[in-house]
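One structure, as structure tokens, below. Some questions next.
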Amino acid sequence: MVDGIFAIAMTILVLGISPPKPDISEAQAVLPGQIFNLFPEIFIFIIAFLILAGFWLDHHRQFHFVRTIDSHLLWINIFLLISVVLIPFSTDVAGDYPDVHVAVLLFHINILIVGLIFSYHLNYISRSNYLHDSSADRKALRVLFYQYLLIPGIAFSAVIISFFNPSASLLVYLGVPFAKYFVERFGS
Amino acid sequence: MVDGIFAIAMTILVLGISPPKPDISEAQAVLPGQIFNLFPEIFIFIIAFLILAGFWLDHHRQFHFVRTIDSHLLWINIFLLISVVLIPFSTDVAGDYPDVHVAVLLFHINILIVGLIFSYHLNYISRSNYLHDSSADRKALRVLFYQYLLIPGIAFSAVIISFFNPSASLLVYLGVPFAKYFVERFGS
Amino acid sequence: MVDGIFAIAMTILVLGISPPKPDISEAQAVLPGQIFNLFPEIFIFIIAFLILAGFWLDHHRQFHFVRTIDSHLLWINIFLLISVVLIPFSTDVAGDYPDVHVAVLLFHINILIVGLIFSYHLNYISRSNYLHDSSADRKALRVLFYQYLLIPGIAFSAVIISFFNPSASLLVYLGVPFAKYFVERFGS
Amino acid sequence: MVDGIFAIAMTILVLGISPPKPDISEAQAVLPGQIFNLFPEIFIFIIAFLILAGFWLDHHRQFHFVRTIDSHLLWINIFLLISVVLIPFSTDVAGDYPDVHVAVLLFHINILIVGLIFSYHLNYISRSNYLHDSSADRKALRVLFYQYLLIPGIAFSAVIISFFNPSASLLVYLGVPFAKYFVERFGS
């Protein structure tokens, strides 16, 4: 269920890149510029793809610790998927209007919500009794928890920055790998 | 087969939320209002996602009891999938025109049909000889049957309400969890 | 590979049903008629879904007999998938213009090609040395072969009829279950 | 993960073939010509489908040799998938404007990038210590490596040819099977 929805959401991200449709007669002259103008859209597509890929891998890593799914965990996952499935939509809007605050804000808030649900998900798992091996796993999950606060933290700072400079706020996500490296190194 | 189609139908629900496409020059002024106006669409998207997720879980629970699939059960499933695959379409229409009776009615009837096929599906399974353990299973299936009449029942009441107030009739589905709780508690 | 592509093709069939987009102000008056006019489109959607579901089940039944895939069988499958993936497109065109000969013809030819590749597929399998149990399987495959010529046969007669009455030619596929019943009964 | 994304990317290729939407009144007269004009689009769709199918099979063949996935290999795969998911987009643009250099160039560069990442992928696998059986596998991988340079090589020559004749450059990919045959025969 989760795997399929992640894969489909990641692939239909591409449908948000609107192919230019100039008249055939003008295409020779107009198309180069229009394709060049797509690069912000493709950039946001790549960022969204990477974030979704990261969430997916995290989800696998988290479920590695879980033995059984209770109905509460099921509901967390359903709301997680709802916010994941909305990402192609908010990516589309942000890609079309990377300079407009409200469009970029929609994207950041979507990522923020996914990130917060993920952190709650991890927190719930680490407190539950469904873990395979409690003592060892709790330690591993504590490390993960710091990493999971990272994405909502970065999304939150992107929200702040978007009030001053919408398009620059999209670049904040490029800091994720560096931040992850630091947390993995010093966060535990 | 069933799993993939459910996952894809749930994900392409998002394609029904039409991203606003104002001119770049006007976007700064116009986009906030247009995004705000999307909230009914996003609300209906979430309701449709939750209903589909519920159907999916129910389908898994039902198939848990089945040992072999005969050709009649196969046909029930195919017609079930046809009506499931139509949900992204009817959700799209209802999301675009939540105040127009016929648009909302299309959505309710689609949910009603899926719910009725599901009830018939359960009924067929509980009478068939393909069950693993007849006596215990029949008892469990009787409980489920009450739950399954719930969704078509709620969709039917939404149909009635839609004649008086189309957009209010969409809120009826919010009662599903409460109704489910009551049926699980007192229905058996 | 094959399963995923069938499931996706069947689900994106629904994207071919173009939701009406009247102005909000006119929607109350215009939408009922526009939704009513969608019924031919929904009818063709259901026919295409049923044909694809049938092909899918047939593919499973055929692969039941196969032990290994050689590179020739792989290529047959790739061309099969290409023509399967085109069905949502030709269904879309035929659903938009069910009275226009060329639109309906496109649909029939697409079904015809899928059906012919399937028959060739079966023929190749039944001659190959990859069968589990040659003597019993060859007999079972002979029965199947008659059934497989059925779909291209019906598509071919739909092609002929489409020259006289395009929209009536779409109804020909409703005869598939009856024809299948006869072939299963008397064809072997 | 990889399998699902390939299957979805291959299927949504079909969404790039834009169905003609003439007025109902004109459809009878105009549609035949418009459908005839779609053939270049369908031709490019088929080429893109075949290239993606080839990449998919290659990916399976490569992973056959891999025991464990380290984080570097994971990142190669994520960037591979990003460029794969972009193919439906670049195919759409090239299919709409097969005579415009920049549109066709976008397609060639996309294929080129996927091909280069694949070659790097193979190179990384063949040097890593995650192989099942080093000596035998390294020999098999050397043969594959020649085949893998083939696709970027052909895409690169298509880039060159596109400067002189955009639409002819799309035909270059028809040479892939022949080139593959020669490499398999004499390349090792």
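Going by the order they are written in, the chains are A, B, C and D; count residues from 1 in each one.
The rule is short, and it goes like this: a contact is a pair of C-beta atoms (placed from the backbone, for glycine too) under 8 Å apart; a residue touches a chain by one contact, two chains touch by 3 or more.
Predicted model, so just to flag it, every value in this text is computed and none were measured.
Participant: Which angle of rotation, from 0 to 180°, maps the CA atoms of chain B onto the equivalent atoms of chain C, to the nearest 5?
Facilitator: 90
Participant: Indicate whether more than half of the residue numbers at the chain C-chain D interface occur in both copies; give same if so and different if not.
Facilitator: Chain C vs chain D: different; shared/all numbers falls short of half.
Participant: Based only on mean CA positions, could you tell me how far chain A sits from chain D in angstrom?
Facilitator: 27
Participant: Based only on mean CA positions, could you tell me how far chain B sits from chain D in angstrom?
Facilitator: 38
Participant: Please list all residues of chain D that touch 2 or more other chains.
Facilitator: 4, 8, 12, 15
Participant: Pairs of chains that touch, anyone?
Facilitator: A-B, A-D, B-C, C-D
Participant: Of all residues in chain A, which touch chain D in the complex?
Facilitator: Going through chain A, the ones touching chain D are 3-4, 6-8, 10-15, 17, 19-21, 24, 27-28, 31-32, 35, 42, 45-46, 49-50, 53, 56-57.
Participant: Which chain D residues qualify as touching chain A in the complex?
Facilitator: Per the touch definition, chain D meets chain A at residues 1, 4-5, 8-9, 12, 15-16, 74, 78, 81-82, 85-86, 88-89, 92-93, 96-97, 99-100, 102-103, 106.
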